[in-house]
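Presented sequentially are two complexes of chain A, the first with chain B as partner and the second with chain C.
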Partner chain A sequence: MPLSTQSQAGDEQYVLVASLDNVRNLSNILKAITFREHAIFNATKNGLKVTVEDSKCLQANAFIQADIFQEFTIKEDSVGFQVNLTVLLDCLTIFGGSTVPGVSTALKMCYNGYGYPLTLFLEEGGVVTVCKINTQEPEEPLDFDFCSTNVTNKVILQSDSLKEAFSELDMTSEILQITMSPSQPYFRLSTFGNSGNAHYDYPKDSDMMELFQCTKTQTNRYKMSLLKPSTKALALSCKVSVRTDSRGFLSLQYLVRNDEGQICFVEYYCCPDEEVEEE
Partner chain B sequence: MKFRAKMIDVGCLNHFTRVVNTIAKLTKSCVLRLTADNLYFVLSGKVASGGVSMWCELLQVNFFDEYQLEGVSAEANEICLEVSPENLSRALKTAQNAKSVKVKLTKKHCPCLTLAAELPSLSSISRAVTHDIPVDVIPRRLWHDFKEPSMPDFDVSIYLPPLKTIKNVVDRMKNLSHYLVMEANLNGEMNLKIETDLVSVTTHFKDLGNPPWGDDASQSRDPEEMAYARVDIRKLQQFLIGQQVNPSKAMCNIVHKKILHLILLHEDVSLQYFIPAVA
Partner chain C sequence: MRCIIEGNGVKVFGKALHALSRIGEDIWLDPMKRGFAVRSVNTAHSAYACFLFSPLFFQHYSLELQTDCGAVKCRLALKSVLPLFRCLATIERSVDRCEISFNVSENRVMFQFYCRHGITKTHNLGYQECEALQAVFPTHLCPNVLKAQAKLLGGIVMHFPVSQQEITLSISPQRANFKNYCDEECDHVNSVHTEISLHPNEFDYYQVGVDSDITFCLKELRGLLSFADSHALPVSVHFGASGKPVSFSVEDMLLEASVVLATLVDPDLTEPCQADPTARHCTMRSGGEGHLAAPSQNEGRLEANVANAAPQQSGVSTHERVPSSQSSPVFSPAFHMRRLMELREAGRPRDEPRVTQDLGQALPTPITPATYKIRSLLFGAVSCEQRGDCDVELPSLVCGSDTEDDGGEGEGVKMQH
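Then we have the complex of A and B:
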């Protein structure tokens, strides 16, 4: 492999080395969380977690497990840094991000530790690109304290059904209202826009509904502007889990299958917009 | 002063259209120089055009079935016109399937290049589209600006990799930086580099080969030594966007820290493009 000959001083100096035969397996999933420039990277022996946040109200996490990479070597328990995500994506797609079968860009990503740049070696068709992206000290990601024991309602849907609803959502509505209930209307998306109100109902025995676990009727509102970025993840995903906890916090978990058929996860957490009187 | 020419072959028409489209992507306005044997599209490195100059040479016999030219005088048998290639390109668009296209220098309310296309018709009545493209006739005393540029005394000359690959890389680099360094040596190696506060990116091409110019000066040069030019990345991008067909030969001459001279050779068309270096 041409890339292995590229590293000058050997790999011993690096605290993190990750290689991919097809860079799209990383770039695609990062695109799903690109709505702010800064991304916090955290690597452990399990893999890579990339976090992007907005307004202390929205958090997106992408998980790329270690076994997605052809090589994943980490010398410390946890390695963290922050980089500019748009810059990183431009670097990862430097050869155009071709989708032509048989043409793929190989990646080797190295990090030398605190204060060092993130170094990328990319190779396609014998042409090598070396990128050094400056890193910053990672900020502490928000803890949304969303734990599965506090989950009141949960549904798992085929993404196609939600894609359809999201593509038709009335974007003049400032908020998206989500109702989840053990009785009618089970799972409802509502918008309140200039041209009127709209409700999208999903029956709980629909083919698209893989799992329906609602214990209590709950209606919460979320800012449309905050949920908008999550449609990027939705577009890539095949399944989505929608959960709300007792505080009304929303968790969207997307299951994304890459070019090789392996599975990665993207997760969005969103704060509710305001309390709604429950009936 | 008289000019009239006629094109019948659809292959020639398409080829000519492609050339004009390429020119239209490179510049808003240029000089069309007509001589008995050749057509030239010329852009001289004025400050207004950012110091970029262009020289595109076409043999008239390869395109036109009829070609009559009477220049300003017997000893200066040529005509120089300032024309907007975009207007020419638009006129040619409607002439795509024409049975014949006539190009004529006419005097309407102002001097015009009149392009008359005879379109195929199902009935016996012929369909014709005529475009009058306003031009400025350039007086003879200004012609010295539009002579063929002399080959610069370059330090390194190198064959370019596929233009598509360069274009992909340059497109991404343009998102990251305003300036790009192009460097090459006599060992067939070429690098594209950008460097900003956030990131440094270098793309390495090798085994490109150096054109034999039969030059002694280059033989005494250390084959590893790089010559470079730092240029406005938009100007390079503009050049790459315009290229619709892969040329039979593409090469680049670098005058160290001074100029980037790009040459594309198709069978019967040659295009030279000069980008000045910035400090």
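Then we have the complex of A and C:
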């Protein structure tokens, strides 16, 4: 394999080496969280977690498990760095990100430890590109303290039913209101825009609803501008889990199937906007 | 007021809205006893369209007017309605039922879509209360009537580039010609001239009362043609001399739709007729006699007539083109128009003068002020280009529209020159 000959320096010096036969399995999922330049990477022996945050109110995490990679070697318990995500994506798709079957770009991603650049070896059709991206001081990701024991309401929907709703959402509305309730309207998305309001209601017995566990009626508002980036993840996903906790924090978990049929997750956390006054 | 559309009807309704979106920025929803009318007019008021869905179109149709509120007077921005009917290709499969209901006291109209998988989408849109929009254009008085399959007209229009603003339809008992219109500024060297000539046999119905050349905007027509084409409906065209409106309409058991467009006044033909109003009337009468299409021996004369169409030719054959356009309605003497009212929205955008001028010729029948209800409006038929020697007050194509910002509400305002 050409990639291995490129790194004659020996893999021993690297604290992290991850190889993929098809770089799209990484680039696609990173695109689903690209709404800010900077991404915090955290690798453990379980895999790679990439975090992007906005305004201290929104956090997106992409999880790529170790077994998605053909090789995943890590010498420390945890390796963290921060890179410019746009630059990284440009590099990963440097061969054009072809979707032609049978043509794929192979990747070997190496990191030498604190202070070193992230090195990418990309190969397609015998052509190898080496990219070095300077790493930045990793910031501490926000802890949304969203734990499953505090979850009041949870639904799992097939993504197709939400894709339509999100593509039609009235973007003149500043907020998206999510109502989850054990009684009607069960699961409702509402917008309040210039020309009026709109409600999308999903009954709990809809065949799009895979799971419905609502214990208490909750109505929370989230900034549309914050939720908008999550539609990228929605578009890739086949299922989505929508959860709210007792504080009204929102967790959206997207199950994404890659080209090989393997499963990855993308997760969005979002703070509620403000208390709904009329209730 | 409440109505329910099921199945394929949702797509038809959506298609109608898309056709209306070619016309104007707002739509008027007008539920009436004889059906649900959806109308639109462009900002220059040179194009108007109306879709009337009969009560049979709906699964359920009830007016239930609140006693205190009277009729629904609803104007909505198309940009807020159109997104609800965006994916027409899939709407048939995804939406089982659409319910439209009005809340008159809150000025809200509710569109409720019952979709597959039990999903319900409810859109509450606030509307602007305003008088119904209504066009007055008695098509049965038009001397020229064509009827053709939408495919035929669509096929003709297809040959004109999307950028083509206006096309000219020239009609005689022998031929119907469609060609692209070029005004004086138009670069004759670099533009493509397209002309399509059709034999009367191509049409389902072909009646020529007056030979005429009418020039109208293509953009506003395309919506109706594609609507008619998708439902394989024949399109009727009613018109008279140039400068008077042309109406394109389709109808079937469940709906009627029409687009009324202003036509251009040919400046070459305008001047002589203004110089001599008496002669003009003679010519008009001769032209207005009307005849059905028939094989004619006079085919060769056609071209010559264009150039020398002078008002004094009162003895011309019925094949003669009517030279007049400016203020020469076939049926109505000019003085009837003089007293027509006009209520114009303050600050309404004016189109180019020549188009608004055409609108002045919109009414082919004598209409006195009494014909109009006070609330009616006439479209802006004022032209800065209007010549001083023409003292005819121009009536307009369409009446109706909102009056809330108009100081002249309740009384007719004379048109200015």
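Just so it is clear, the second predicted complex is superposed on the first by the 276 of 279 C-alpha atoms of A that agree within 3 Å, B and C clash if a C-alpha of one lies under 4 Å from a C-alpha of the other, contacts with A are read in each partner's own complex, and residues count from 1 in each chain.
What we mean here is this: a residue touches a chain if its C-beta (ideal position, glycine included) is under 8 Å from a C-beta of that chain, and two chains touch if they have at least 3 such contacts.
Remember, it's a predicted structure, so these values are computed and weren't measured experimentally.
**Q** According to the stated criteria, A:D21 is in contact with first (chain B), second (chain C), both, or neither; which is it?
**A** neither
**Q** In the overlay, answer first, second, both or neither for which of chain B and chain C A:V87 touches.
**A** So A:V87 only meets chain B here.
**Q** Considering only the touch criterion stated at the top, classify A:D54 as touching first (chain B), second (chain C), both, or neither.
**A** The answer is neither, since A:D54 touches no partner chain.
**Q** Of the two partner chains, chain B (first) and chain C (second), which one does A:E71 touch, if any: first, second, both, or neither?
**A** After superposing on A, A:E71 lies clear of both chain B and chain C.
**Q** Touching A:G96, do we find chain B (first), chain C (second), both, or neither?
**A** After superposition on chain A, A:G96 lies in contact with chain B alone.
**Q** First (chain B), second (chain C), both or neither: which does A:I133 touch?
**A** Touch partner of A:I133: chain B, not chain C.
**Q** So, A:N194: does it touch chain B (first), chain C (second), both, or neither?
**A** In the superposed model, A:N194 contacts chain C only, not chain B.
**Q** So in the complex, which bits of chain A are touching chain B?
**A** Listed in rising order, the residues are 84, 86-87, 90-91, 93-96, 117, 125-134.
**Q** Over in the complex, which chain A residues touch chain C? Could you list them?
**A** Within the complex, chain A touches chain C at residues 161, 164-165, 168, 170, 194-203, 205-208.
**Q** Could you list, by residue number, the parts of chain C that touch chain A in their complex?
**A** Within the complex, chain C touches chain A at residues 76-77, 79-80, 83-84, 86, 94, 108, 117-126.
**Q** Spell out the part of chain B that touches chain A in their complex, as residue ranges.
**A** Interface residues on chain B, with respect to chain A: 161, 165, 168-169, 171-173, 175-176, 197-207.
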